[in-house]
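As written, the chain order gives the labels A, B and C, with residue 1 at the start of each chain.
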Amino acid sequence: MASAETTVNIPEWVSHPRRPRRATVTRLALLAMMLVLPWFLGGYYIYIVSLVLVYTLSTLGMNVMVGWTGQIGLAVAGFFGLGAYTTSILHERGLPWIVALLAVGVFAAATGFVDGYPAVRLFGFFLAIASLAFGDLILRVIIEADGLTGGGGGYPVQLLDFWGFDREIALYYLCLLAIVGFMVLVGRVLDGRLGRTMRAVNNIQIVAPSLGIAPPKYKLIAFMISGSIAAIAGAIFAQLLTYLNPDMFKTSLLITMLVMLIVGGVGSIWGSFAGAVFVVFVQEWLQAFAVYQRIVFGISLMLCIGLLPGGLASLGGRVRERTSKRRERSTGIEQI
Amino acid sequence: MIQQILSGLEAGSWYAMLAVSIVIVMKATDVPNFAQAQIGMPGSYIAVNLIGKGWHAIPAMLIGLAVGYIIGAIIERIAIRPLSSLSHFPMLVMTIGLTYALVSFVTITFGSEPRSFPAPWTEGGWFFGDLYVPYSQVITILLGIALALILTYFFRTTWGVRMRAISENPGVARLLGINSGVVSSLAWGLGAAISTLAMMLHTQATLLADSSADPLILKAFVASVLGSFTSLSGAFIGGLAIGILENLTGVWIGTGWKEAAALVVVVVYLFVRMPSLAKTIKPREV
Amino acid sequence: MTPHTLALRDINVAFGGNKVLEGVNLTFSGGLHGLVGPNGAGKTTCYNVISGYVTPQSGSVTLGDSSLVGVAAHKIGALGVGRTFQTPKLIPTMTVLENVMLGANRTYTTGHVAEFFGSKKFRSEERRVRELAYLGLQPFGLADNARDKASSVPLAVQKMVEIARAVVTDPRVLLLDEPAAGLGASDVDRMVNALQQIIKERNLTTVIIEHDLHLVAEICTNLSVLHYGRIIAEGEPRLVVSDDTVIEAYLGKRKG
């Protein structure tokens, strides 16, 4: 507390932090571009962009787990599939899709709790193996419950009715809404107390208890949030693909998601987008040659780990560092 | 029932061998190698090719093992040693990338059609009343045991002791003049050779295709976990146990759940055993 | 404000067969207490026992009326035991101000759910915390560094930021672990002045582990000397520093 004799002037930027104007303008411009995209791109390309957005969302979920609380949780493909199947099944049984979506979000959070509660005391690759196995188990259950899910035979998704609007375009706006919404939410949380706390759990775990922070609690929260986000992404994915098959959610999907995470940049919100763009681009470009896709993914993983640990997102940071005059100062809010 | 147990021991031997190679690499270089099964592919393919050209199985397999060793050493030199300062997660991801690279390499070089791996013991077996014991099962199990014995002996030799020293206490070991580079090379080469053996035996019982390695790696990791990633005998026995458990699950509960057996095992095991596990692994900051 | 009392009674800690602390009795109440002793004497272990990172084999730790033994570490932090560590632990990608704000974690009255919905109450709390953190940097003269990235500031600043963070937790007791280690004289002065100002304003019970006997003798009201896990001397700094057993502990037995 300041003593009574000297009053300290608290600068405005402390009391009322403002996001830098440049960043806001860039973002709005990008948003505007995305909004008018359907006027310029044909149906197939809109589908591709929607796919990128869905993957961005799932990678965002992975980032909450891996990037911000530093846990190697690899169950994301399982949660993705959980969301896809469960939402579609509930929707088929008459539940309005949005309600099904919310229900699945909650259910995934609960599943994340079950996965996370024991897992938060694990670390390193023990956690990786356990979560990998957990994700795989989810998939197993989906396959075995073939009365509900059609098992290996596949599951045709009941399509959403967009009141007569063009399906591809309507779905695109849905994806855009979801991803923008989550980016804003996650960004806001990251800037604030929860984000700081999670980063404390990640970076200075030893110190955290002395600040009254219990790492297991926040790790568990990360599990739940991450699972929820992945499941919601999966639900939208189902609508996009219109047909589900357990093979879609195998380990190969997990590896693809890892590529998105690592190449995009762990811990970066925009990195999630960059990574998704990269993967979808490679998949489209090398569509006919699964083998070449794998080589590219394999090599890019290895290169990123070896040479570019921050992924594509860190390139932006490096450019910014060189062009900005005030190098070491940020404006009080993290540039995302 | 005995039939199932024997099949289980066969599959378990593959898992056990892979698990052992995972632990060797882990102990010597502190890298969890997700590509440990894939690393055995090139050698297997070369062996099959040689047999196709008329070679007898055993020399072909030995060449395959040699190829495996070399590949392991090469990978260690190019991809692992330069990154030795990284923590477990980046290395795990790196080896996941390696998986893809290896599988792609194999597919491009050898094509993706599955082929069979003929060896003198792949056809035929003994009959004991109702019991049919294929030769391949016996060979596999015997080779597994032989490997366990050889390794036990190896770790008493100079190089084996050096490898153990490095894994127990790298700093002191280096001070004593133990060349960690040579040990790393040796560990990766050895691990790759063992993996090649495991893959060859596995594909002899099934088929050799570029996807052959995929189902094995997770189970091998589970077995390594059962050995806390540090105990070779734990990993070996764990592998056998998983093989048996898998087969029994397949019979008693249903073939679909067979694959899940290993998953359930690891999930339950880790969740229950975690507090004490935390002390056995030297923590690198994740 | 009446100062809080932190008391250790008969603490015994052994790691394996190794006795690290034996029958340690310490009472800290108001002012600046020094905990000194040669390397390996067990000073940091004392802190670890207090903050709940280590459980003693026997003995009790009380803060005011509350017993701390067996309580989870994060609850002890939440109860008001503030602490720094030998090497400063800041989050490198966050700014200095944000790092200090982390300390205010236990002072929030709103929960994370309120934060999620962006409620007005939460926003005013955030503002309060930002201002508090900024003010917390003042005594150390670090207000100008508030927007610097924690990875870019020198060691001395990092150490002071750590202290500021611990102070912002509004603790009942503050434990400092070698805050002056590795610091040049002028930085030490700055830190000490800031500390003394803070202690005076809040009447904060503070304990400081240090190697530099002279420094500690100058600034502390009370000194406890730990040697091989036992308290061998206690009391006024001037007397303790000239005590024979203490000198022997630091310099080894004298010949003859």
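Methods note: a residue touches a chain if its C-beta (ideal position, glycine included) is under 8 Å from a C-beta of that chain, and two chains touch if they have at least 3 such contacts.
Predicted, not measured: the structure shown is a model, and the values here were computed from it.
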Practice task
Taking the mean of all protein CA atoms as the centre, name the chain whose own CA mean is closest to it.
Solution key: A
Completion exercise
Note, CA centroid farthest from subunit C's centroid sits on chain B
Exercise for the section: Averaging only over C-alpha atoms, locate the centres of subunit A and subunit C and give their separation in whole Å. Expected result: 39
Fill in the blank from the handout: Per the C-alpha centroid definition, the whole-Å distance linking subunit B and subunit C comes out as 50
Practice task
Compute the distance, rounded to whole Å, between the mean C-alpha positions of subunit A and subunit B.
Solution key: 33
Fill in the blank from the handout: Touching at least 2 other chains, the residues of subunit C are none
Fill in the blank from the handout: Per the touch rule, the subunit B residues reaching subunit A in their complex are 32, 79, 82-83, 86, 88-94, 96-105, 107-108, 112, 214, 218, 221-222, 225, 229, 254, 256-257, 259-260, 262-264, 266-267, 270-271, 274-275, 277-278, 281, 283-284, 286
Completion exercise
The subunit A residues in contact with subunit C across the complex are 1-3, 8, 10-11, 13-17, 185, 188-189, 192-194, 196-197, 199-200, 203-204, 206-215, 221, 328-332, 334
Fill in the blank from the handout: Residue positions on subunit A within touch of subunit B in the complex are 66, 70, 72, 118-119, 121-126, 128-130, 132-134, 136-137, 140, 143-144, 251, 255, 258, 262, 291-292, 294-295, 297-302, 305-306, 309
Completion exercise
Listed in rising order, subunit C residues that touch subunit A in their complex are 51-53, 72-78, 81-83, 85, 89-95, 97-98, 101-103, 105-106, 108, 112, 115-116, 118, 126-127, 129-131, 134-135, 138, 146-149, 152, 165-166, 169, 201-202
